[in-house]
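Both of the next two complexes hold chain A, though its partner changes from chain B to chain C.
And now, the complex of A and B:
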């Protein structure tokens, strides 16, 4: 359940971006990595220590930075493709986001070095619930992730902006004709998507380690989840996250050889991805997309 | 007239070993490997409009097939490489058939998934592949660099020739029509299912060929060949050289590979630089940097005449 909640959070960013911008962000893992480093540096920076601020503040501070980062990225690289109304929008954005990922990853490598860093945990220690012992960092991750997801739902379903985002996601032309600023919504969706992903990265950085390629395995998982749940469907994403968490933990019991089982753990998810794409490309909860 | 620059380049390439020995010759050979990969990839991405992230994995299929066959069965290296290409073509057929109905991001994700599964398989099946240590492979021509260089050059010329032959034929027209509008092409009687598969098989075969060649040049095959960052490199080279120009993509690979060696001192920064370069290219000159430069040079050369639109293919 703990891992499932975190999976859900990191996949939601991807899903939201797909829903509104109709693109798969291939720089997803790297966005996560950026979030992880951001939190690491904020949490270890002297300002936080000097003022004795709780680390939650550092976590909260990553959000606006990441939002801004995503917002700018969309404006620089994705907006022109959208404005040009190119027939080959799909291909262009795949190439751009993929390259962006490669760029960020290889920028982080010389800047921060290839070694691991342990991001300081917000809550140390363990909690015992019955026979179950949960490490503090994982619990924090799950609680914060859950809180963020709740906030996201309130935002999407109770505010004007949220309504706008959902409208653009469903039908951009109609939304535009009703006076919604579609380009603005697209930038915003990308910003929010990157922030969600980044927080997930910051939380995962406390549990695992922060390094330039930390996001890659999680990005692959996020792709699986989003496809499984249906591209752009928020509820589907959450269900997909829990399915993947279960499949992974049961899948690794399936093979007798432990080293091999560990290596193939990621392969199960990918297999799930390919099978879903083949037999039910719209996912479990996705709407059938009209073929253009 | 349009072929003149290409022939000039060929002559330069043939004369290259006269001026450069050992180290730079080796660099050039690796450049040729990437040129094979990126020209066949740009055929798939630029001409047919299928963005596949499995190209590096296909190269690894070719490399491992050839390596294992040569080591276990002692068959000649040339036969091994050819069989590697066949194996890659087979995988290409499989992936092509699986992804027939997919478009854009879905296709990209599936191929990415396949590439990763294959890499995990290579790392995990230690008995067959010796995992991440890689396989030691016998060298081609007992490591004679000049012969290897000419073989690589021959392969590249042959690849480009075959690909251009395909593009110049009716099939090329079909493929490009599918890129612009797949449904439109289908209603006009193009057998899109058949040609999509065809494109996948051909380009994978060339990737496998490149992989086999690489295996016997470097003498070591490892799962690193199928890494996503390897794919990123191919992509960077193709885009830099011009995604819609096969020759441009091949040149882009050689130029970037040369640049890589030149920038050895900045080792860890270079992929970041490449990334930035490609982002810049995509943003400001999506048809590639090299065709643009060529156009500029042409315009300066014939100041009076209209600048020729170069590298449109």
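And now, the complex of A and C:
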């Protein structure tokens, strides 16, 4: 459950960006890494210590920064392609996000060094419920992730901007004809997507460690989840995240040869991906769309 | 008409000649600078993981030690009247990168020998290149038996092998009366070797061994750790056979789940990431009572070199030297010693000098290489590497200040220290 909620949060960013911008963000893992470092530096910075601010403030402070970061990225690198300045939109954005990912990773190496860092946990200690022990950092991660997802849902289904985002996701032309500023919605969607991914990175940085390649294994999982749930489907992403978390945990316990089971942990996700692609390529909640 | 054609052709070949001459010129210049560079300095290669997914702190420690060695050699007038230059190659802990870096060091940089490396899987790839080119390689900190067991004459090792250290550690575990040992190891040559040696040595001795292997990039060990919680007889000794982030995360997670280090279960961090400053920053209080097995501690045993190295290292990096930094230093110094003794930089002569002549007092004792091939891994090993089992007793403790449990002659405490919880 705990890991599932975190998986959901990190995959939602990818899903939202795909839904609205119709592009796969290959810099997903790196966005997570940016979030991880941002939280690490904010949480360990002297301002936080000097004022005795709780670490939640540092976490909250990452959101506007990440949103702005995503917003600017969309405006600078993705907008030209959307404005039909390039002939092949799909190929262009793949190259752009892919390059961005490599750039960010290689920028982080000299900037922050290759060392592992431990982002300070908001809540230390552990909770015991019967036989079940949950570490504090994981519990915080799950609670914060859950709260963020709830806020996201309220935003998407109850506010004007959220409805606008969903409209653009369903049909950009119709949305534009109804007076919705589609380019602005796209920037916003990218900003929100990066923020969600970044918060996931900040939370994962407390549980696991922060380093320049921290996002890579999680990005693979996020792709599996999004494909499983159906590209661009918010509901599907959440369901997909829980399925993956359950399959991973039980797969590595239930396999008859326990000495090898752990070695295949990452393979279960990929197996799930292959099975999905074979039998239900549109994903659980995806639409069968044929693109020209 | 004909004239024109001839004229044109001549003009053309004139042009071609000029281009050709220019090319030759550039080429000559290139060759000249190359030989000019080689004539000025003796180049020694250092291979180390300096970016993820490699164990970067291991890599940095090797390089830190090697740099001190080069500086010391140059301050004393260099080798054969020439300066020594280190060429450092980042392998990122990936075998394919190791191969590429070795090829580059040997063919482009023309190094006379190579030292370093902290990952066995990468070392296994590197020794192939060294062997093919006949260039000596002195491994600093890769423990898989296979590295020296291959029997390549060019391969030497100034650190322990899995069999050498873990057969001793297993004996200690038996003596201490542990009943059930769990080993979680990465699926690398080193990690699988750790599992194998523990199994081989403890199974016969009647100690139960449970083992798991997993991908080196794994970050979440919770499912397996929880599984161990319900084991029967209860697990009382957990071996963390990972390097880099995995090693630190397993310690953190085992502690958070209340498994180890606890009053019922000890934890041995087999990888060297327990020795670096980053250890305490990442695991925090989970690191207290963790056991580690360094192949060397500063000043134990005391040698003239160890004191000097300790002093220089502290002045330069502002911390106590760790085993890996000492190994980095020793590997470069051993190569230099071979050059001094043979008065040559030729590969074959160097290999012969390393095998037969070197008997040099390093930071951890007098280094010479065994010619014994039984067992196979003993070939070109330094058999007297000092190994220790240490235990941290307080937060932010330097490994050199930790309690020594084994070997008996250096022990500072009688038996394992147990936390109250």
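By our rule, the second predicted complex is superposed on the first by the 277 of 292 C-alpha atoms of A that agree within 3 Å, B and C clash if a C-alpha of one lies under 4 Å from a C-alpha of the other, contacts with A are read in each partner's own complex, and residues count from 1 in each chain.
The rule is short, and it goes like this: contacts are C-beta pairs under 8 Å (C-beta built on N, C-alpha and C of every residue); 3 or more make two chains touch, one makes a residue touch a chain.
On a predicted model such as this, the values are computed, not experimentally measured, just so you know.
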Next item on the list: Return first, second, both or neither, reflecting whether A:77 touches chain B, chain C, both chains, or no partner chain.
Entry: first
Notebook entry, point to check: Is it chain B or chain C that touches the larger share of residues in chain A?
Noted result: B
Next item on the list: Determine, under the contact definition given at the top, whether A:109 touches first (chain B), second (chain C), both, or neither.
Entry: both
Check: Where does A:99 make contact in the superposed view: on chain B (first), on chain C (second), on both, or on neither?
Finding: first
Check: Looking at the overlay, what does A:7 touch: chain B (first), chain C (second), both, or neither?
Finding: neither
Check: In the superposed arrangement, which partner chain does A:67 touch: chain B (first), chain C (second), both, or neither?
Finding: neither
Margin query: Contacts for A:91 in the overlay, against chain B (first) and chain C (second): which applies, first, second, both or neither?
Written below: first
Notebook entry, point to check: Does chain B (first) or chain C (second) touch A:37, or do both, or does neither?
Noted result: neither
Next item on the list: State whether A:208 touches chain B only (first), chain C only (second), both chains, or neither.
Entry: second
Checklist line | Shared chain A surface residues [contacts with chain B and with chain C] | finding: 109, 216, 259-260, 263, 266
Notebook entry, point to check: Along chain A, where are the residues that touch chain C in the complex?
Noted result: 3, 109, 114-118, 126, 133, 135-137, 208-209, 211-213, 216-217, 249, 252-253, 258-263, 265-266
Item checked: chain A contact footprint on chain C (complex, rising order) -> 50-53, 56-57, 184, 187, 210-215, 217-221, 223-224, 227, 244-245, 248-249, 253, 256-258, 278, 281-284
Notebook entry, point to check: Touching chain B in the complex: which residues of chain A?
Noted result: 18, 23-24, 26, 76-77, 80, 87-88, 90-92, 94-96, 98-107, 109-110, 216, 220, 223, 227, 259-260, 263-264, 266-267, 270-271, 273-274, 277-278, 281, 291
Margin query: So in the complex, the part of chain B that touches chain A is made up of which residues?
Written below: 45, 49, 51, 53, 98-99, 101-106, 108-110, 112-114, 116-117, 120-121, 123-124, 180-181, 183, 228-229, 232, 235-236, 239, 268-269, 271-272, 274-276, 278-279, 282-283, 286
